[in-house]
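Down below are the structures I want you to see.
Next, two complexes with subunit A in common: one pairs it with subunit B, the other with subunit C.
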Partner chain A sequence: MSHSWAIETENLVRIYKVKHKRGDAESAPFKALDGVNSQVGTGELFGLLGPNGAGKTTLIKILTTLLLPTSGTARVDGVDVAANPQEVRRRINMVSGGDTCGYGLLTVEENLWMFTQFYGLDNKTARERIGKMLEIVGLQDKAKSKSYQLSTGQKQKMNFARGFLNDPKILFLDEPTLGLDVQTSRVLRKFVKQWVRERPGRTLLLTTHYMAEADELCDRVAIINQGKILACDTPANLKKRLQGASVFKLHVTPLEQTELFSDLPGVSNFSGHRRNGHTELNFILDDENTLVKILSAVQQSGAHLISLDKHEPTLEDVFIDLVGKSLSEIEEQTGSVS
Partner chain B sequence: MHESARSLKVAAWLGWQIESNWTEPFLFLTYSILKPVASALILVFMYLVISQGNFNNPLFAYIYVGNAFFIYVGAVLLGVSNTIVDDREHYGMLKYIYVSPIQVYFYLLGRGMAKTMTATIAVVITLAFGAIALGVRPDFFTIDWPLLIITLTVGLAGLGFMGILLAGILLITARHNDIVGEAVAGALYLLCGAVFPISVMPDWLQWAGRAIPITYWLEGLRRALLGTELVQKLHTGLEDFSTPTILLILLGSTLLAILLSIGFYRWCERRAKEKGLIDMQTMY
Partner chain C sequence: MILFLRTVLGRAYPRLIGIQREKSWLIFGVFLPLLGVSAYVFIYKALKSPPEFVGFVILGGAMTAYWLNVLWSMATQFYWEKETGNLQLYLMAPTSRMAILMGMAFGGLVSTSIRAAAILIVGSLIFSVHFTVVSWWQLILVFLFTMVALYGLGMLFSSLFLLFGREAWHLSSLLQEPIYFLSGFYFPIKSLGYWVSIGASIVPITLGLDAMRQLVMPSAKWGFLSVDEELGILLVMSIVFVFVAHRALLYMENLARREGRLTIRGQ
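Up next, the complex of A and B:
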């Protein structure tokens, strides 16, 4: 192979065997990754976008050597993750955004220092990087606090800082801003973007189910659902798929039956679900004139229109176009909260 | 510095930070040192009650020394193996440790070092108490120091790797499991002649005892401290072996145990990665 990708997967499959309780041998295998092929180039900020349970974390675990694929191969910086995990570990780092872990008895500084030592950083570099990362996540004044004294968000920030200490060639961030406040999320996103830009040769893969995060940050986005990558392109190109289509969002008073909308002629894709006491209807229309039929259908079903909004296609609409459902709808159905 | 040395050093530092919780120095002293000393002494006093205060039977010294050194067994086995449970379930850090380029065997051994240190203090206190208060070989000049040091070192290395074997079991055990280590230490207490010569056990248990390096380790330590002649005279089941033979068997069986542990841990690690257990948090 002439071109070497930073991250490359071929037909990656991961099946979880779910043991049922009561000790019976019957296990229902669950396919969390279903033949994932992907290539991420060196220097890319690559996003993996998908609803809860799509397989994002599973993919990251395989790429970071914590989990073996059931079949298929994955290479990080050209190194096979299953065959040569140690070689992979020397080149990577990983942060799970929701994690609030740490050695509680150590100070924040000591927690971080420990990891710089695993990577063999000299003392001066280690101090510098720890100082810089603490400044970025805004934990300087907590440097000498025991980490068990930190708030949930502060622990997450400490963990975020840990991920950058070894200046990894390839960095994996699994929902880095999960549960963090708006201001902090913004700062971290900005830093992530800058980190990749300022360091040629560094690659960053992040997962998210925030559409805006993917759109704002990523050079390329792969949309993943039920273990399959449905599309992979730049956010702009993904949205171009809907060029010429009209995208509408309607809020109406609660509606039980929404299936009828998808059968209306001219509706290319539709998703509807309950949200905050009303029903949200998302339409992708081939022809704007279909709106008239939709509005009369709403009226016939006895609901009232609360708001109507036409907008430029977003990644959310691309997702609806690909999956036939919106992200939040899927997350409500699977009952998963995050 | 090489990855192995780094892993060992940082893990030992971390282990020490966790072990020596200096915010609670009293608790630390009680738990790490007084508790093992006390439990070693309980047994000794039981013996004294039953034998009506007979210090002079050389069997007493034999029991005393074995029992004192056995403090190491639980400490090292648990110190090393519980790292898995602690890091995974308590601190939630095992996955991040695994994602970094550590050498896991050195990391685990390093984490066990703090407990080994505190155990050393407990062993020394117990032995000193025996020498001063109970007349167990108070004469420092007759101790076979080279034998003591070699035996101790080889044995501790062996124990460390047996801890790795246990760590492997804990790695693939779904539930938070402190009992495994305790159970193994308990079985070894019985099988390895810590408190009675293995010759008093039924044949098949004796054979089990003979297959474990710790049996030879304790024998070697006793001979170093009490003198080969005295120990051999007690007909403890190992009297036919000369001291160099004991040392050789200890070396050979320890080497075997190390290889076995490494092989087994590797297998467990693979299982854990197949089943996604490295970052599993069961209880919380």
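Up next, the complex of A and C:
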């Protein structure tokens, strides 16, 4: 028994049986998690980064005892989620970004109070924590408003506050800033970071598909795609994989064929896709001199260069390097069903 | 244990506060049922039925409120909670799921009792009905067991209906009217004949209502079984329904975790 990991999974597999309507016997099993091995240390702020459908929510549901693994094991604070869910539940909480909680007829305060009762909090502690959290998410002036009067974002903030009320040892945030404005997102990110730093023994696992969020916030990031963890390291180390490589982003007038670019010698990784009336080309080059060949290839294809940008490798580039496609490209292809 | 009680009260709270905040219950919960009651009263008066029938109808009208509450606020509840996202938050909490259901039931019972009492009082004032209670403690026991059995059934429904998904709504509407008839909300079930009455007794309110009528209007000889027999059956039903509801809940939760279907929305 190794108690040192806050979260630990071994060969975790989750298969969904997709039942077709109208009674045809064909049910195609779908592998949402395909042998996930991961370890998150106590006190870590750990990020799961991946496109829509990668399996992030599935993993979180298993870790929060809402879903059973098909095979493999998962332990939270050393406790097996399948064998001993009630023990796990005492130590965790979860907030799912787009969601709200409670009942419209209750005030914000009352809704949050109701949830504290499911964790057995006494009234004094409950009131204190609710007050503090409302202040953090900036809803103190709404504490006595009925929650049906709140805007979508305010409801989300109320739900965000709920996640912290039982002072969980391990907190799961599934795309916590989804749909929130920039200012609010920033405040919540700052709080999340502070929460982990200031409370020894607290661990936080967060999923996101905002690269910058993962980069800014997380001690370590796992990049997940199609149910597999492709890489897992600190953001700095992940970016170091591309050290020595040059990363360019080109915007050109619309191009039909972009395959030819990946075959150019010296291009170690390439992704291209249409975006807002032009074509975006992302290159990871072993050698900067390859750029000359690229530019002439652009010219030969009849397109015009709109902008060219060389930058330090970002997590986005690491993703392209690992998957061979950019995150936004994958999401356009899958039509963002979540 | 403390956690259990806190959970029950926590979940009952929205229902208790609801009756105070949503004034529409005055119209939907008291006025409309009274209209229904009046219709039957006039029919019975026109038919020159025994005067006790008016009392029967008013009592039935009051009990209808509980049946509606069980159907619409218990049976369909988990399905609705799933759609709003609360269900997964409940299932993730380290508390007893039974406590959450009991909180729902308790809150519903209390708020419905206010409505039922209003129907009873206003109804008997309008039609000047006098109830003479034969035995208070029997009446209280009958009422208690009827409610435990009835809300036990509601708890069972709420897990079962979750499995049916969207169909749950149709099921509830489907169950609403026939039970009015079968459980004899507006007439003594004895008039349905022995076997139909036996069948209708699966809904606890049937026997409960029959026993209560015998206890408050001893002059009418329309009882189906004796009060003691009905009390015994209701006690058994209370235990069975609550037990089966508990099993159904465990089954539902396991299925949810295995299939991953029950906590996702929009199906």
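To be clear about the criterion, the second predicted complex is superposed on the first by the 332 of 338 C-alpha atoms of A that agree within 3 Å, B and C clash if a C-alpha of one lies under 4 Å from a C-alpha of the other, contacts with A are read in each partner's own complex, and residues count from 1 in each chain.
Throughout what follows, a residue touches a chain if its C-beta (ideal position, glycine included) is under 8 Å from a C-beta of that chain, and two chains touch if they have at least 3 such contacts.
Treat the numbers as computed from the prediction; the structure is a model and nothing was measured.
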Fit or clash - subunit C, subunit B, common subunit A: clash
Contacts of A:101 with subunit B and subunit C, given as first, second, both or neither: both
First, second, both or neither for A:93, with subunit B first and subunit C second: both
First (subunit B), second (subunit C), both or neither touched by A:115: both
Subunit B versus subunit C as contact partner of A:230, first or second or both or neither: neither
Subunit B and subunit C footprints on subunit A, overlapping residues: 16-17, 61, 64-68, 86, 89-90, 92-94, 96, 99-103, 105-106, 110, 114-115, 117-120, 162
Subunit A partner contacts - residues on subunit C that touch it in the complex: 2-3, 6-7, 9-11, 13-14, 17-18, 21-22, 84-86, 88-95, 100, 256-260, 263
Contacting residues of subunit B [partner subunit A, same complex]: 1, 3, 6-7, 9-10, 13-14, 17-18, 21, 23, 91-93, 95-102, 270, 273-276, 278-279
Footprint of subunit C on subunit A - complex, ascending: 14, 16-17, 58, 61, 64-68, 85-86, 89-90, 92-94, 96, 99-103, 105-106, 110, 113-121, 146, 162
Interfacial residue positions of subunit A with respect to subunit B in the complex: 16-17, 61, 64-68, 86, 89-90, 92-94, 96, 99-106, 110, 114-115, 117-120, 159, 162, 166
